[in-house]
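Each remark here refers to the structure printed beneath this line.
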Amino acid sequence: MTELPILTLVTFSPLIGALLIAFIPRHNVQLVRWAALATALVSFALSLALLPAFDARQAGFQYVEQLDWIPAFGIQYKLGIDGISLVLVVLTTTLSWISILASFGPIKDRVKEFMISFLILEVGMIGVFTALDLFLFYIFFEVVLVPMYLIIGIWGGANRIYATIKFVLYTLAGSLLMLVAILATAFAFQAGHGGDWAGAFDYEQLRQFGFDITLQLFAFGAFFLAFAIKVPMFPFHTWLPDAHVEAPTAGSVILAGVLLKLGGYGFIRFAVGMFPDAAQSYAPWIIGLSLIAIIYGAIVALVQPDMKKLIAYSSVSHMGFVTLGIFIFQQQGMEGAILQMVNHGIITGALFLCVGVLYERTHDRTIAKMGGLAARTPVYAAIFGFFMLASIGLPGLAGFVGEFLVFVGTFAVSPVAAFSATIVMTVGAAYLMWMYQRLIFGEVSDFLKGLGHHLTDMTPTELVTLTPLVALTVIFGLFPGLVLELIHVPVDGILLQFRDATAGVAP
Amino acid sequence: MALPPTVPYFDIAWDDLLFLTFGGLMLAAALGVVLGRNIIRSGLAMILSFAALAGIYALLGAPLVAAAQVLIYIGAISVLVLFAIMLTQSKSGPASLVFHHQAWAAALAAIVLALLLVSMVAGAEWPRAVAERVHTATGDVARLLFDEFVLPFEVVSVLLLAAVIGGVFLAKREDTDVPETEAGARQVTLGSEPGGASGRAASGIASATIVAAEDLGRRP
Amino acid sequence: MSAQEWLAIGPLLAVFALAMLAVVLDIARPGRDRLVTGVMVVGLLGAIALTGYTAWYFGGGEVEVFGGAYVRDALTSFLDLLFLSIALLTILFSPDYLHPRRLPMAEYASTLMFAISGAMLLGAARDLLVLFLALELLVLPGYMLAGYAKRDGLSTEGAIKYFLLGSFSSAIFLFGLALVWGFAGSTRIPEVAAVLTSLDGAVSLTPALTMGLALLTAGVAFKIAAVPFHYWTPDAYQGSPTPVTGYLSVGPKVAAFALILRLFVDALAPLKADWVPFIVVLAALTMTLGNLVALTQDNIKRMLAYSSIAHTGYILVGLAAYAAAPPGSDTERAGLEALLFYSAAYSFMNLGAFAVVTALQKRTGVTSQITTFAGLGRRAPLLGALMFLFLLSLTGIPPLAGFWAKAYVIIAAVQVDSPWLIGLAVLTVLNAAAAAFYYLRIAVVMYMGEPSEQTAPVQVGRLVSAGLVLSAVATILIGLVPGPVIAFAQEAARALL
Amino acid sequence: MSQSLDAYLVLASLLFCIGTFGFLARRNAIAMLMSIELMINAVNLVIVAFGAFTPELADRASVIALIVMAVAAAEATVGLAIVIAIYRNRRTPLVDEYHSMRE
Amino acid sequence: MTTDQLLVTLLLALPIGGFALTALVGRRLYQRAWIIAVGAIVATWLIAMYLVYNTLFLNAYGAQGLHFTLYEWIPAGDFRIEANFAVDNLTAALLIVVCTVGMLVHVYSIGYMAHDPGRWRFFAYLNLFMFSMLLLVLADNFLLLFAAWELVGLSSYLLIGFWYGRRSAALAAKKAFLVNRVGDVGFALGIMAIWTTVGTLNFPEVFERIPLLAESGVIQPWQMTGLALLLFLGAVGKSAQFPLHVWLPDAMEGPTPVSALIHAATMVNAGVYMVARANPLFVQSPSAMWLIAGVGIFTAILAASIAFTQRDIKRVLAYSTLSQLGYMFAALGVGAFTAAIFHLMTHGFFKGLLFLGSGSVIHGVHDEQDMNRMGGLWRKMPITHITMLIGAIAIAGIPPLAGFFSKDEILGQAWKNGFVWVWAIGIVVALMTAFYMFRLMGKTFYGPSNVDPAVEPRVHESPRSMTVPLLLLAIPSAVLGVALGFPIGAGLIEQWMEPVFEGANEVLGRGQAEPFQVLGLDGFLAGASVAVAVLGVLAAMRLFGFRVPLLGLQAKPRPAVVERLTDRLRPLYTGSFHKWFFDDLNDLIFVRAGGLVARGLWWFDVHIIDGAVNGVAGLTQRSGRGLRHIQTGRVQNYALGIALSLIVVAVGYFVAGGR
């Protein structure tokens, strides 16, 4: 490997930054902040540098880096990306620097630890999307937990410890089962190759290896649990509202923006990619759960008194589209699902930023206490409204295309499912608009009046964090092709393989 | 003078008679150890039991072991135990002080275990065993000790040394005898011995232990 | 004895020598604790070097000494290195605890060295009698170490509980050994194995052997603290001086597993179909009970005691995988490798965790309540970070040593084509998830709680720091580059089969 | 009867179980220690009995028995030292009074 | 890109650019916030007129019209959606209404909003609306149409909620959006169904393939009906037909120009436009057509009945709009597509006029909307009065003003196409329409003044920027009917729409239209229409007063008679006054019951699902706490435990290994 290992650079650049920050004196808060931002920007730039040389029409993985790590088990240090990974990597690096910038104000205590945690978190997230070795993937998948645990647990709200422990235990329970499944499949591979471990954790090789159906059912079940908790799918979602409510703004942004996508990505890449037969068998159930999640999340969101909780439940609903789109095994559906992941990352991330902006000024998130913000903070109202509309799925903004593609795909497979899912177009609009109306419209509430001049409109920093997201929302709404072109070939590949594999199996 | 081959009137072999005598004595004494309310009598019963066991060893044709049994167990260990008994408690207490209230369960467990062990022995086949007793030549034992068993022999000496070093430290009375407890140990006084005397006696038993141990270390 | 044979037993002799040296030094220069410590550290480093050299010198081969009673093969070297590291770390952690409590170093070091020599002998013995003696050499000093803070009521209480139950189990174990010996007609392990193999499989288990096996199982289960033979563990761990607790949680445990390797895996392997169900059940019970009870503990030493019980359960999964696998298969070896790897990883991380507790208790009067850790992340960020690291590793978060250990055990278990073992693997991960709760609880207290009243600055001695760094480096390195350790474990396992 | 291995083994088993009972039932630390000595002696009897009835083991049994005795002595030493140490703290030899640590 | 394509693109670019600019810098323009927006729209209007001229009069783009693609919007495998546009005759007809009314409303707003601090926002929103509406009529595929569909909904939301400080406005805006969304769900599903069955969403291709697919049985009749009804659901939402009509009256919370532009002249017509556009699809399903006619005519009479009793001047107009839209749908349902579009155009102008007139009135009496507090305004607001009178006559259907021609066309077609019941109801509606419109005129302009005495002296005619648009709108309201619809059945509109609805007419089996027979059926039907209209007008004049300035005719209102009549018909009056309780029903079903369900599910989430999670955790903790107790601290207990375990192990070995 004589080339520049750019993926390694992208993945580990935040870690280097974190190490450097560790040597900055604790009291030099400003330097810590700027160093963290600089690090995140560097990795952002590096991830963008992947784009020009990326060939969207080429099947398979690009920028592959491969090194033996633990030869005894054929475990490799193997990185590589296809369009799906690339999109999500860029999403991660984008949201990361935005989140870091957004924490300049809110995080005042233990800034150094926060920034280090955050950068390590970024390493884990990027790693998940770039790892091509199952073991490596698992490691990154778990590494994410620790900094997130700290971020919620240290810098979170009043009930943070309950929330963070719940988050970790829930996620851990699922992912550890996945570890068992990973090892079992690796062993099956090894046994199928005459006891040779070489390639037993290599995603590309495992994909080629037809696992027998019993193992598939078991392994898929374990993978499913891990990812379903991460996504989160009904009924594994209850950690999410708690985690969101307690997390600091940046934590919520990353949680909604990237962490949930780890689950969706895992479904596409690993669960479906490796166990197509099992995926086929489980699909009706998963579709059913997705539909429940979509509608249920939206209905429960209707009556949430807390802004973050409301958005959290809306995430459950929106991520339901992702799982729905994946498991209908249909091109538009899957492309829509991926697009939805990206868009949900941007939009919901932005919504959490908006909540954070308000929280900074009011130290409250109770919807009932707000009102009439449009009169006091017009810019804020406009931007919040913009993202509210984007989240509703207004055509021309990013939320629409992904959602609609999922609908179209679903309709082609099962009109009944599509009928049920579209209900959320109404309910989804209802809860967001209702919240918006209560927050922004009407008379200025007594609570807000009481804040006096503390209730200022958005600061330049806040504008800098949100403006790129506004731009992205519009761009991806008008030119979803930017993403779709990238993911088209890999999705084709996955579906082709899925059809080949399941051709012999009667549904 | 030749003894008759069997015990007159009872028509059992002399060996068997000895076996029954020693065996019965040993078990009875052992029962005395575990059931006796007076701990000193228990100690004495233990000596008796060990002595009977030495007889059985002799009967089994292992005179060296029998001798060692007398010297080590009766001569050293039992004495140590008696010392310790003196030191910790002089009088016999009521049954409640002697037996734990789980004694009935303990008895049950012991009986079940005994049934298991006995049933095992009854049905056992020992591939190497022969029907006739064989006798041991003491000289062979010595040779074995420095040939095949040289490592165990050395290890035993190390073990004793370790026991001595640690034992001395633990039993040694210190001038700065301030209890430093973490959670505040409960001080329960039941014995009759005053503290000072017990301390002195402790030093005594320690030195006795050293003597006994070194003795043992040299003897085999 | 040839030079080769001397070299083979060199590490063992070195430790014996160190044990005596400690006493001699104390007699020559009474009260020079730092001198003793220094000599011990240097000596142990030398011993480690010597072991490394022997391991390299003999490579994959094996040398028998004392007519086959002692063997030096890769397994011996692996275990020797591990035990020596444990000893070194324990020595490093101890002075900070002993000195403020005016407990002498010389006897302590000597006793510890004797115990370690017993452990090393256990890993090398190929003779039933030597095994028994080595076991006694391991545990007798252990009892004394447990009661080493003899003015501390808890310490002596732990010691006597440990001693009484330990002796009881030793008697049981000895009975079992005697029966097996009587059956096989030899103390030499290869001969025992040969006799057992020569038995026709159909009648393998005569009543006598059955009982012997039962007694042996109970005996070793006690020594590794497997449920339901674990009762001594929490009390002994809680009462012991903290560095001793650290030692007890790894040294005797790993050594007992060495005993299992030499006895069950080597001598009793032909009967493994008979004993494997018990191992499976013990493993399941052990990890589950350990974790469940650990959830509710408030004393960190006691909590770590229960946690160590749980880890015993995980290690037993490796043993079960070995035993359940068809003889001669790769899978069989994987189970043993997992056992060895887990032992190594566990030793470093667990010792590390105890070392942090020790460091906090340099000041006398600091209790072992979890509240002691309140705000540690703020008071002593580095110490807190290290504790967090060890806790994460114990939880099994990648890429730390503990993660690979669990992964290894699971990979061994899932390789066996048996629903029981798959079930055990699943139980393992469920337990690991539950265990995260109490490990994280400490992290919560450290980072998310406010410092309690007794917030004195924490001072960490140089030795402890060195030890902590060593443990941390080992925990991270085994995590990042587990290859060499795996390779070594593979070689060791190969030596056994 | 005395020519039968089984008889000795039964005798030894009974002694072992008496020792076990003593260990489980007695409250006094020293009584428990004595019970353990009984158990060890039972094992020694088994060893010597095997030696007496197995030609290959005849000499070895004696050696092993001697070594076991030495171990028992070492154990007793340690045990008594610990008993003394705790007695100094607690002023009672009754083991079930030592329950500062539980659960 | 040809010039015409560029112009079409500009047609879209100008308003959206105007929106963006005004949104960004409008605030800095202060009083002249309108300048960019109005400028953009005037330019748009010019371009639109050029295109209309090219299309309708020069037939420059052929029968198929001008089609072109701007760029590929969604490239997702087979699902490739382009941003493509078309200008054909139907589009052109719509452009006339949309751009003209839109431009006049913009101008009108300069005066109307002159004193509102948020006027820059207002103009930005108006531009956004114009963009959306133009996108809607220009879109050449269903998804783009849908996008525009949603965007006009958004603009409407923004404009209704323009005075966000008023809770009622905010609620009305939300309601409008959500009710529209319900329709949109159907529309979206319809689009999916089209893509799934037809494989494309481009209009020309879809309409080409649909008849073939229906004929060959690839699409079953029931599927076709379902498809049509799904699309129709979208139209029902946007055009406020029963049962989704509830949002439109509330939408009057917005500023009056908005009501005129969006809720009378343009956006609400989108549903009609869509059904007309998709006519090849709808005609494949007779049952769907029947239902459309039914919904339309039912809405017409329902809304008219409510308009009878409303007091708010804008609400009367809103219900009137509903009613007229109902006519259009009835026309579509009976297959009279041309008539529907004709009525759409005429209605767009005269209803725009009426709304702007009412706005002028409201402006004049200082933001009073209750007709009971107006009266006698004809003298003080002459231009407003005259223009509104023209609008009222037009809507009442009195020849020769515009309304007569288009309405008569609808009713006539209904009869002739065999929907006599539609005609019958329609004629009743015509009567009602005439009545309530003149009730409005009477209460507002004639009779004694009930204006707040404090305001009375300051009542004045509106500024020129408002009156000029009124005058300009009055012209088409008056003459458009004759211009397009005369001779009846063969007017200009027939020629324009002929290529658009050719296929549909063929399917429905309708040949060349017969020439109008004055003394035949046609004459009878026309006469009936005029008769009921006159009847309605006269009745209203009698009850609420009137005045014809030039002829000097006048009558006083008779409140007593009105009172007596309402008393006699109390139940009907109450029902009508409360809009037949639809709002309450919706409130009950969706707000209250829905809230209950949501709360129930939340409870389920917290207590059952999360409860299970926490329950497992709690159970684990409890079992841990329980298991603690086996550690008693007493050695003998431990030893006994060990001994018992030993026994269990031994027995286990015996049992398991008992061989």
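For the reader, a short list of remarks on this structure follows.
Chains: A, B, C, D and E, in written order; residue numbering restarts at 1 for each.
Rule of thumb we're sticking to: a residue touches a chain if its C-beta (ideal position, glycine included) is under 8 Å from a C-beta of that chain, and two chains touch if they have at least 3 such contacts.
As the structure is a computational prediction, the values presented were derived from the model and not from experiment.
Graph distance from chain B to chain E, where chains that touch are one step apart, equals 1. The chains that touch both chain B and chain C are D, E.
Chain pair with the larger contact count among D-E and C-D is C-D, by C-beta pairs in contact. Chain centres here are C-alpha means, and the one lying farthest from chain E is B. Ranked by how close its C-alpha mean sits to the mean of all protein C-alpha atoms, the top chain is A.
Mean C-alpha positions place chain A and chain B at a centre distance of 70 Å.
Between chain A and chain E the centroid-to-centroid distance comes to 38 Å (mean Cα coordinates, whole Å).
Centre-to-centre, using mean CA coordinates, chain A is 65 Å away from chain D.
Taking each chain's centre as the average of its CA atoms, chain C and chain E sit 78 Å apart. Under the contact definition stated at the top, the residues of chain E that touch 2 or more other chains are 617, 628, 631, 633-637, 639-640, 643, 646, 650, 654. In chain D, the residues that reach two or more other chains under the touch definition are 16, 19-20, 23-25, 27, 29, 32-33, 50, 54, 56-57, 60, 64, 67, 71, 74-75, 78, 81-83, 85, 88-90, 95-96, 98, 100-102. For chain A, the set of residues touching two or more other chains reads 169. Under the touch rule stated earlier, the contacting chain pairs are A-C, A-E, B-C, B-D, B-E, C-D, C-E, D-E. Those residues of chain E lying in contact with chain C across their complex are 617, 620-621, 623-625, 627-628, 630-631, 633, 635, 637-639, 641-642, 645-646, 649-650, 652-654, 656-659. Residue ranges of chain B in contact with chain C, taken from their complex: 116-117, 119-121, 123-129, 147-152, 155-156, 158-159, 161-163, 165-167, 169-170, 174, 176-186. Taken together, the chain D residues at the contact with chain C in this complex read 16, 19, 23, 29, 32-33, 36, 39-40, 42-43, 46-47, 50, 54, 56-57, 60, 64, 67-68, 71, 74-75, 78-79, 81-83, 85-86, 88-90, 95, 98, 100-102. Against chain D, in their complex, chain C makes its touches with residues 129, 132-133, 136, 140, 143-144, 147, 150-154, 156-161, 163-164, 167-168, 170-172, 174-175, 178-179, 181-182, 185-187, 234-235, 238-239, 302. Interface residues of chain B, counted against chain E in their complex, comprise 100, 102, 105-106, 109-110, 112-113, 116.
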